[in-house]
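In C-alpha cells below, several structures.
Each of the two complexes below includes chain A, the first together with chain B, the second together with chain C.
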Partner chain A sequence: MAYPMLITVSAGIILRLWLHASTLGEWLSDKNEVSTPLTSWKRVTEGLALYKAGVSPYSGDIFHEMPLMLRFLHYINSLWGPAIYIVFVFTDFVTAIVLERIAKHCGRHLLVEQKKNVKTFSTDAQKILVKSSDLRYTRLQVVAIYLFNPYSVITCLAKSTAIFNNLAIALTILYTLKGKRSKACLSLAVASYISMYPIMLVVPTAIFIARQEVPEKTWTSSLTYGSIMQTLLCSCSALSFLLYYSYCLEGSWDFISSTYGFILSVPDLTPNIGIFWYFFTEMFEHFRLFFLCVFQINVFIYTVPLSIKLRDHPVFLMYTLITIMAIFKSYPSYADASLYLALLPLWTHTFSHMRNSFIVACMFIACSVLAPVQWYLWIYAGSANANFYFAITLVYATAQILLLTDLIFAFLRREYDLVHGLKPQVNGQPAQVVLS
Partner chain B sequence: MAPSMGLRFLLSSIIFITLNVCSLGLFEDEFHEELFIKPLPTGHIYTHFQFTTTWEVELRRKDEFLHYHLFPKALGEVLAKFSVQELHLTLTQGLWRHEKWGYPLVDAPPGAELWVWFQPGTSNVNETWTDLINVLSGMFCASLNYMDAKNTVCPKLSFRPRGATSGWFSKTSTHLLRYAALPRENVCTENLTPWKKLLPCGSKAGVASLFNSIKLYDTNYHSLGIHFRPVCTNSDCTSTSVELSQTLSAVLEPTIFNHGRQDWSLKKLFGRMIGTVCPVAQTSTIFVDVTSNKMSNYQFTLNPAPNTVENFRRGRTEHSYAIYDIRQFTERSRVLDLSAKYNQAITYSQVAPPVLYVHRFQTGSGREKGGIVSLLHNTHPSQDLVVVYMEVIPWFLHTYLHTLQVDTFTAEMTHIGINGTTLKPLHLHYVPGKDRQRPYHLELVLRLPAKSVTRLSMQFERALLKWTEYPPDANHGFYVNSAVISAMLPDDTADYVALPQFSARISAILSGNESLSGRQFVNLHTETLLVMLPTPDFSMPYNVICLACTVVAIAFGSIHNLTTRRFTAVDPTAKGLLAKLKAKLPFLRRKKEGKEKGASEGEGEGEGVLGQEDTGQSEATS
Partner chain C sequence: MGLLSNPKTRQKLMNVILRYNNKLCFVCYVVGLCWFLALAYTPFNAKTYFSENALLPGLVKSNAHSDSGAGNYLRNLKDELRLSKETRKQQSIPSSWLEAQLRQLGLDTYVQNFTFKYPVGILKGHAYQGQNVYGILRAPKTASTEAIVLTAPFRPGGSPRDSTSAGIALMLHLAKSFRRHTYWAKDIIFLITEHEEIGIQAWLNAYHHSHNDYVLAGELQGRSGSLQAALCLEIAHEEITRFNIKLEGLNGQLPNLDLVNTAMQLCRDQGMQPTLQKQTDYWDPKSYEGFERALKTMLLMMWNMAHGTPTGNHGLFHQYNVEAVTLQSVRIKNSRRYFSFSQMSSVVEGIFRSLNNLLERFHQSFFFYLLPATNRYVSIGLYMPPFAVLALPVLFKAVALWISVSLDASSQASEETETEGKEKPSQAEGDPTEQTPHAEDAQEPGVTLMSVFPTCVLCLGFGLSAHQAPYYFIEAARGFGMTPSEGLALGAVSVHLVAMAAPWLLQRKATEEGDSGGPNWQLLKSVSLLAFGIVLAAISSLNIAMSFFLAVVWVPVILLVRPTHSRVVNLVQFLLLLLVSPLGLVYIGSVVNEVVVEKVTDAAVLLPRAWESTQAALLMSLINNNLFANWTFSLVSLVIFPTWLMFWSLLWTKPL
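Then we have the complex of A and B:
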C-alpha cells in the first residue's frame, strides 16, 4: 500500500513542478474559470504592491483577501519571490495527505457505525455491507483523483488562492473525523475567515462531535445540546478572534466591506463558472437586492433540511454541504469542484444506485472543453455573445446539481436497502421503491 | 407747466449723468477684447479670441459681488454663492496636435474639462462641487452634471492655482481642488450661445461679431473656455482683483479651399468682417504673429497694414506681433477685413516638433484586458525636463499599479520597445478606484532625459457592467479622459509664448514685464481613448432570470424531494389515484373492457384478467 501511494504522490508533485516550468500557468491564471476576483493571483500581486507602497489595498476594489491572508502572502512572497509556485505545489501536497487521512478515518468511521447499527439491518443486506477489503483502495483513489484531476492541477498552476481554502476545509473534515473539537473549530474558523461560506460546516461538525461525545443519548438531551453549543461557541469565538486580530492589524473595519461585503453583495460581475454574474448583469435594478438575498440564502438554506435528514450521517452531510457551496457560492471556480470530486471515492458503496453518472460525466467534460472556447469566441473573436458562455455555466451548474442529488438519492436508497433488504415485497409481489 | 417740465427734465438728466460718472468710478472693472491670429507651418491658421474682464473686488468679500457692471451677473452670482476661488472650464471639439502645431495659448482636452479651487473655509466641498456642476450644466447647456463622484478626482500635484494665492494655500489645501473631464461631450451652437451672452457686448459689436456658428463649427479644432481667477492689482500685490477671461480658439485650414495657398482673411475664415468696436471695451486689438516671416522665404503680407509691429524676446527667439487697434480701423463706419497674402503656395514639409509632446494610445486585443501606453518625447538637445503626469482612468477599467512600467529610450535606439532603461518616478501618487464610486487616479513626477522618448505603460482589465449602465450605443465604446502633463519649459524654448502669470491679456505678453525667469509653464492634454467593454445580451433579462432560476429550482426541487419524502415499497401494479378515478367512470370502464378483451384475444393470457382482479382487490383494500 505504501508504494503505490508514494508513487502517486511523487508523480502528482512532479507533474505540477514540470508544468510550472512552462508558460501554462500564466495562460491559466487569466482564465475566469480558475481565477475569480476573490482568488486571482494577479489581484494578490496588486494588493501586495499597494501594501508595499503604503496605500491600503482595501481602499480600491481590486484586492479581496483578508488582512491576515494579505500578511501571510506578503511574507511568503518576500521569502520565495518568483519561486512562489513551490508554496502552491506544497499546499497541494499537504492537501493530498490530509485527504488520504480523511479517507482512512472515514473508512474506519463507516465500519464502526455499520457495526453499531448492524442489528437494525435486514438479513438480506449482507451483500451491500461495506467490508474493509472494499476500503483498501479508497485512500489511493482519493489521493490519485485529487492529484491528477485536471481541475486541481489547473488551480495549482494558476496560483489561485482557493488552494488555501481547500486545505482549510480538508483540515476541518479531518479533525472532525478524528473527533478533536478545538482543532476542528480552529480550522473551521480559518476556512470561514478566508471565504465566508464554510461557516455552514459548523453544523455537521457539531453533530459529529456530539455523537462522538454522547453516543447513546437522543437529540433532545441536554448533554447533546451542551456539546453542540460548545462546538458552536468554540468556532464562533475562534472566528471572532481572527476578525478582531485583523481589525487590530488594519486599524479599522474597512476590510469587511471589501471581503465579506464583496462576497455577499456581488458588485463585481466578472464572468466566472457560476450562475451569479449573468443573472445580476441582467437584473432589473429594482429587484437586485431581493434576488441577491434569495441567492445568498439559497446557499445556506440547504443546511437545515439536509441536517435534519442526514443527522445520523454527519460526514455525508459535510460532503453535501461542501458540494452545495461549490455550486451556489457567489464566485465559484474549478478549485471548489476539485475538492468534492476528490472525496467522491468515499461513497463508492453507493454508486450502484446512481442513475445519472454517464450523463454527468459527459456534461462535465463538455463544459470544461467548451468554456474556454465560448469565452474566446465572445471576448476575442467577437463572433459569439455572452449567452454562449452563460449556457456553459448553466450546464456546469446542472451537472454538479445532478451529481449531488444523484449521490444523495443513492446514499438514502442504500440506507433504505440496508434496513429493508434488497428485494422488498408488497403483498407477495416484487415491489418498487419510490420516494413518496 | 412747460418750464417746470423742462426743469424737471434737466434735473433728472443731471442726476443721471452724475450717477453714471460716479458709477464709472465706483465700478472699477475693465474689459479688453483681443484676437490673436497665428499661421501654423502645416497650413492651418490658429485664431484665438480673448475677452478679459478685470474687476477690482476682493474675492472673499461676497458683499461686493452685488453690483455688476461689465462682469457678467449670471456667472458672478454663481461664483459668489459657491465660494469659488478659481474656475477653469473648457469645452472643446477636436484634438490639438502638439507635435505639428506647437502649444496653444490655452490648452484644452477634447470634450469638457472643469477644474475648480474652492475658497478656504468651504465646509462641504463635495456637496458644493455637485451643486456647482449642476448650475454650470444648466448655464452652458452642457451635460456637466455627469461630473459626479464617479468622474471627479482631487489632484495633488497637477492643477496648482493659476491666480494669486499664498504658498500656504496651495500646499495645504489640495482638498479644496476638484477636477473632472467628460471626453464624450459634444460642443455645438447651444454651448456658444450662453457663452456669448456672458460678454458685455454679446456678439453684437466688437471682435465677437465674427462669431459665425456655421464657420466656427466646421473647423479642425475649436474650444470655448471660461477662466476665472484672482490676480494681483499691482506689482506689490497688496490687493487682488478678479479676472474673468473668456477664450475661443479655433484652428482653420484655408489651404484646402485656396488651392494650396495659405491666404486668409476675416471674411474667408469667419464669413464676416469687423464693423464695430464694443463701446465698453477699453482696448480692442488684433495681434498677428508675423515671426514666421523672418524665418524663411515663405512670407505673407497683411492688408491693411498694421498700426505697429512689436518685437519681444522669449528665450533665444525674437517674436514679432503685428498689432491692429480696431477702434482706429472702424471709426467713421469703416469695416476691417484683415487679410494676408502669401507669396507662394505652401510646401508641406517636416515640422520641427516642440520641446515636449506626448502621444497616448491603448494596447491589447479582445475585450478582456488591455493597456494604456503614453510616449513622452523630450526633444531638447541638452536639458532634462521634469514633468508631472496625471491620468484619470474610469472605474470600469480595473487598473493594476504593479504593471506600471516607465522606460526611457534615448535617441540611439531606433525602436521603442526593446531594451529601454527603467526610469524611476521622482514621486508617485496613486488613488485606487472603487467600483461605481471613484476613478483610478495616478500622478507621477518624471525626469525626462534630454533627447529621449519615455514610455509609460499600465495594464487594465475591463469590467462587465450591469445592463442598465451601458449607454444606448453600447458597442460604441467608453471614453477615457486625456492624460494631463504639466511642465516648466526651459528658457531657450523656441516658438512658445505663454500668457504671463499676472494677466490673461495678450497685450501683457508684450508689456516687457520680464519678472519671469524665462521659464514658461505648459500644460498638455493627450488623446482620449475609446475602449470597448464586453457587452451582455440586452434582449435577455427575462430569459436569463428564468434560466438561472430554473437551475436553482432543479437543485431545490430535488433536494426538497429527497429530504421531505421517504422511500416506501409500493406495489408496481397498483394503480394510482388518477387511474382509480378513471376506472370509476363508466364510459372509460366500458372502453377499457373492450380493449382488454381484444388484448386477451391477442395474447391469450390471463394477465389482464389478473390486473382487473388486482384492481378489484386494491379497491377493496384501499
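Then we have the complex of A and C:
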C-alpha cells in the first residue's frame, strides 16, 4: 500500500513542478474557469504591491482576500519570491495527504457505524455491506484523483488561492472525523474566514461531534444540545477572533465590504462557470437586491432539509454541503469541483445504486472541452455571444447537480435496501421501489 | 421526474438503443447527410436580409466615378514597375512611389518594414524583408477612434496569382476622391501590403501589438482607432465582367453576414451580378439544376472553410474581430458587358459609405452561416440540427456499447457469485427495472475502464510526437538532400507507420506473455466514440465545414470497425481506416482538389500530382500554423490523429 501511494504522490508533485516550468501557468491564470476575482493570483500581486506601498488594498476594487491572508501571502511571497509556486505545490501535497487521512478515517467511521447498526439490517443485505477489503483502495483513489484531476492540476498551475481554502475545508473534515472539536472548529473558522460559505459546515461538524460525545440513548437530551452549542460557540468565537484580529491589523472594518461584501453582493459579473453572472447581467437594476437574496439564500437553504434528512450521516451531509457550495457559490471555479470530486470515492459503496454516472461523466468532459472553445468564439473571435458560453456553464451546473442528486439518491436507496432488503416484497409479491 | 429518473421509461429507452442501435445509426447518418445537403435547395434556406439598419446600402449618390483618375494611376504604376524592373533584379513593392502618391493626396502616410522567416528550419531560417505602405485619411468629424481599412496586396510581375495593379490604382483613385469630402466619420486606412498574407499579418500584429515569432513586424509610425471593417481588393484588369466575393477566413471563421450582403447589394446596384466561389446563381433556383449549382457553391465554400487557410488577405482580419471580405475581379472573354473603373469605384465607395454609417461594431446578423447562392443563406440554426443528426450515431453507438459492456459485467459478476455459492442478488431474475441501476453503474466498467487507459495515453503520446516531430524530419531530410516538403511527407508517413505498428507489437507481446487481457474492445470503442463525439462538437462550433467533412467520412467507418477473426473483413477494415487516416484524408483532399479545381482526369498524371500537392499541403499547414496561427496542423496532429489511432488500435484488441 505504501509504495503505490508514494509513487502517486511523487508523480503528482513532479507533474506540477514540471508544468510550472512551462508557460502554461501564466496562460491558465487568465482563464476565467480557473481563477475568479476572489482567487486570482494576478489580483493578489496587485494587492501585495498596494500593501507594500502602504496603501490599503481594500480601498480599490481589485483585491478581495482577507487581511490575514494578505499578510500570509505577503510573507510567503517575500520569502520565496519567484519560486512561490513551490508553496502552491506543497499546499496541494498537504491537501492530498489530508485527503488520504480523511479517506482512512471515513472508512473506519463507516465500518464502526455499520457494526453499530447491523442488527437493524435485513438479512439479505449482506451483499451491499461495506467490507474493509473494499476500502483498501479508497485512500489511493482519493489521492490519485486529487493529484491527477486536471481541475486541481490547473488550479495549482494558475496559482489560484482557492487551494488554501480547499486545504482548510479538508482539514475541517479531517478533524471532524477525528472528533477533535477545537481543531475542527479552528479550521472551520479559517475556511469560513477565507471564503465565507464554509460556515455552513458547522452543522455537520456539530452533529458529528455530538454523536461522538453523547451516548446513543441520550441523544435527545440536553447533553446533545450542549455539545452542539459548544461546537457552534467554539467556531463562532474562532471566526470572530480572526475577524477582530484582522480589524486590529487593518485599523478599520473596510475589508469586510471588499471581501464578504464582494462575495455576497456579487458586483463583479465577469463570466465564470457559476450561475450568477449571466442572470445578474440580464437583470433590471431594481430587482437586483431581491434576486441577490434569493440566490444567496439558495446556497444556504439546502443545509436545513439535508441536515434533517441526513442527521444520522453527518459525514455524508458534509460532503453534500461542500458540493452544494461548489455549485451555487457566487464565484465558483474548477478548484471547488476538484475537492468534492477527489472525495467522491469515499462513497464507492453507493455507486452501484447510481443511475446517471455515465451521463454525468460525459457532461463533465464535454463542458471542460467546450467551455474554452465557446469562450474563444465569444471573446476573441467575436462571432459567438454570451449565450454560447452560458449554455456551457448551465450544462456544467446541471452535471454537478445531477451528480449530487444521484449520489444522494444512491446513498438513501442503499440505506433503504439495508433495512428492507434487496428484494422488496409487498404481500409476498416482488415489488419495485419508485421514487416519487 | 421524467426520463432520467423514471426506471421504466429509462429501461425502455435503453432497450430501444440496445436493440435498434445499428438501424438507428444508419437512418440517422443517411437522414443527416441528405438533410444537410438539402439545405442548399432554395425552399429549405432563407433569403438574405439586412439586419443592421444603420448600413443603409446604396442610399447615396456616387461621387467617385471618373474613369481617367484610376486609369492614370494604373499607367503610372505600370511605368514605375517597369522602371524598377530594369534597375533591380527582384521586384518588390514600389514603396517610395506609393508613399509619394498617398502623401501627395494629403494623407498621413507611413511605411512599415517587416521581416519573416519560415519555421522549423525550412530554408535554413533565412529571413526575408518586406514593406507595407499605408496612408490614413483622418476623419474630419471624429477623433480617430474608429477606422475602416481598404487594402490591396502588391504582387510582383511573374507571380502565379493575378496581378493586383488595377486594384491599387483604384484604391489610389478612391483615396483622392474620398479626400475631397467631409462626411467621413471614421478614419480610412489605405493599405498596400507585400508578400500576400504575411504582409497583412505583420501589419495587423503591429497594429494590435501582438507578437509572432516568425513574422517580425516593425513598429507602426502612425495609427488610427479600432478597426471596424476591412475591404480587400484583388482587381487585375481595367475592365472586368464581375466581382467574385471571397469571405472564408482563418480557421474557417466568417465575416458578419451583413458586410457580405452589403458588398453583394452594391454590386447589384451597379448592374453587376456578384458571384461566390466564382459560381453564378442559377436563373431558376427551384429546378434540379438550380439545386445542383447551389449545392456546388455551398460545398465549395465549405471546402474552403474546412482547411482553415484564408482565401485572401481578408481572412487574417477576422482573428482580430475585424469584419472583412475580398472583392476579386473576374474577367471573362467575350462577356456581354464589361464594367470599368467607374462602376468598380462606385461599388467600393458605396460599401465605404455604408460602413461609414455604422454606429457600432457589426454585431447583428450572422457570424455562422453557409451561402448556397449570393442571396440565400443557411444559418447556424438551420445547419446544426442536420449536423447533430449526422453525428448522433456516434453517441448512439457509444451508449449502446457502454450498456452492453455493463450488462456483460453485471451478468458475469452475478455468475461468479453464483458459482461461489454465495447468496445471489435478485437482479438477474426478478424485475427488469431493478437491473437498471446496476446495468449502467460505473463500478464494473469502472474497473475495466483502467484497461483502456494505456491505449488512450499511448495514442495521445503519438499525437504529441507527431506535433513535435516535423522539425527533426526536416533536419534529417536536409541531411539526405531532400526538400523540406519531401522530408515532411516522409516523416508523416513514418509517424503513421510507427503509430500503426505500436498496437500490433503490444498485442503480440501480450499474447507471448500469455496475457489474454488487454482492453475490452467494446469499452475501447465506446470511449473512442465518445472522444470523437466531443471532438466533433468542439470543432463544429469553430469550423462547421471541417467537422461536417470529418463526420461524413469518419462516421460510417468508425461505426463499422471492430476486431474480428475473419481475415477478409480485417483487411477491408484496415484499408478503410487507412483511407480515413489524417494522411489519407489529405491525399484524398488533394485528389479531389486536382479533379475539381485543376480538372485533371488522367489517373497516371493525377495520382503523382496529388502526392506532390499533399506534400505541399503538409508543408503549408505547418508554415501557416506558425506564421498565422492556423490551427489545422495542431488540430490534426494533437486531436484527430490520436482519435484515429484509438480506432486503429481497436482492430488489434481481442474479438469476443
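Here is the rule we go by: the second predicted complex is superposed on the first by the 432 of 436 C-alpha atoms of A that agree within 3 Å, B and C clash if a C-alpha of one lies under 4 Å from a C-alpha of the other, contacts with A are read in each partner's own complex, and residues count from 1 in each chain.
Everything below uses one rule, namely that contacts are C-beta pairs under 8 Å (C-beta built on N, C-alpha and C of every residue); 3 or more make two chains touch, one makes a residue touch a chain.
Remember, it's a predicted structure, so these values are computed and weren't measured experimentally.
When the two structures are aligned on the shared chain, A:L422 is found in touch with chain C, with no touch to chain B. Contact with neither chain B nor chain C is seen for A:S133 once the two complexes are overlaid on the shared chain.
In the overlay built on the shared chain, the residue A:K309 is in contact with chain B alone; chain C does not reach it. The partner of chain A that touches more of its residues, comparing chain B with chain C, is B. By the touch criterion stated above, A:R355 is placed in contact with chain C alone, chain B being left untouched. In the superposed model, A:I365 lies in contact with chain C only, and not with chain B.
In the superposition on chain A, A:L377 makes contact with chain C only, while chain B stays out of contact range. Comparing which residues of chain A touch chain B with which touch chain C, the overlap comprises 380, 382, 402, 409, 413, 430, 432, 434-435.
Those residues of chain C that touch chain A in the complex are listed here as 1, 4-7, 10, 253-254, 318-319, 321, 361, 367-368, 399, 402, 423, 425-427, 430-431, 433-434, 436-438, 440-443, 446, 530, 534, 537-538, 541-542. Touching chain C in their complex are the following residues of chain A: 124, 126-127, 348, 351-359, 361-362, 365-366, 369-370, 373-374, 376-377, 380-384, 388, 402, 409-410, 413, 422-423, 430, 432, 434-435. Chain B meets chain A in the complex at residues 365-369, 395, 398, 400-402, 428, 430-436, 440, 461, 463-468, 534-537, 540-541, 544-545, 547-548, 551-552, 554-556, 558-573. Put simply, chain A touches chain B in their complex at residues 30, 42, 45-46, 48-50, 53, 55, 59-62, 267-271, 275, 277-285, 291, 295, 298, 302, 305-306, 308-309, 324, 327-328, 378-380, 382, 385-387, 390, 394, 397-398, 401-402, 404-405, 408-409, 412-413, 416, 420, 424-427, 429-436.
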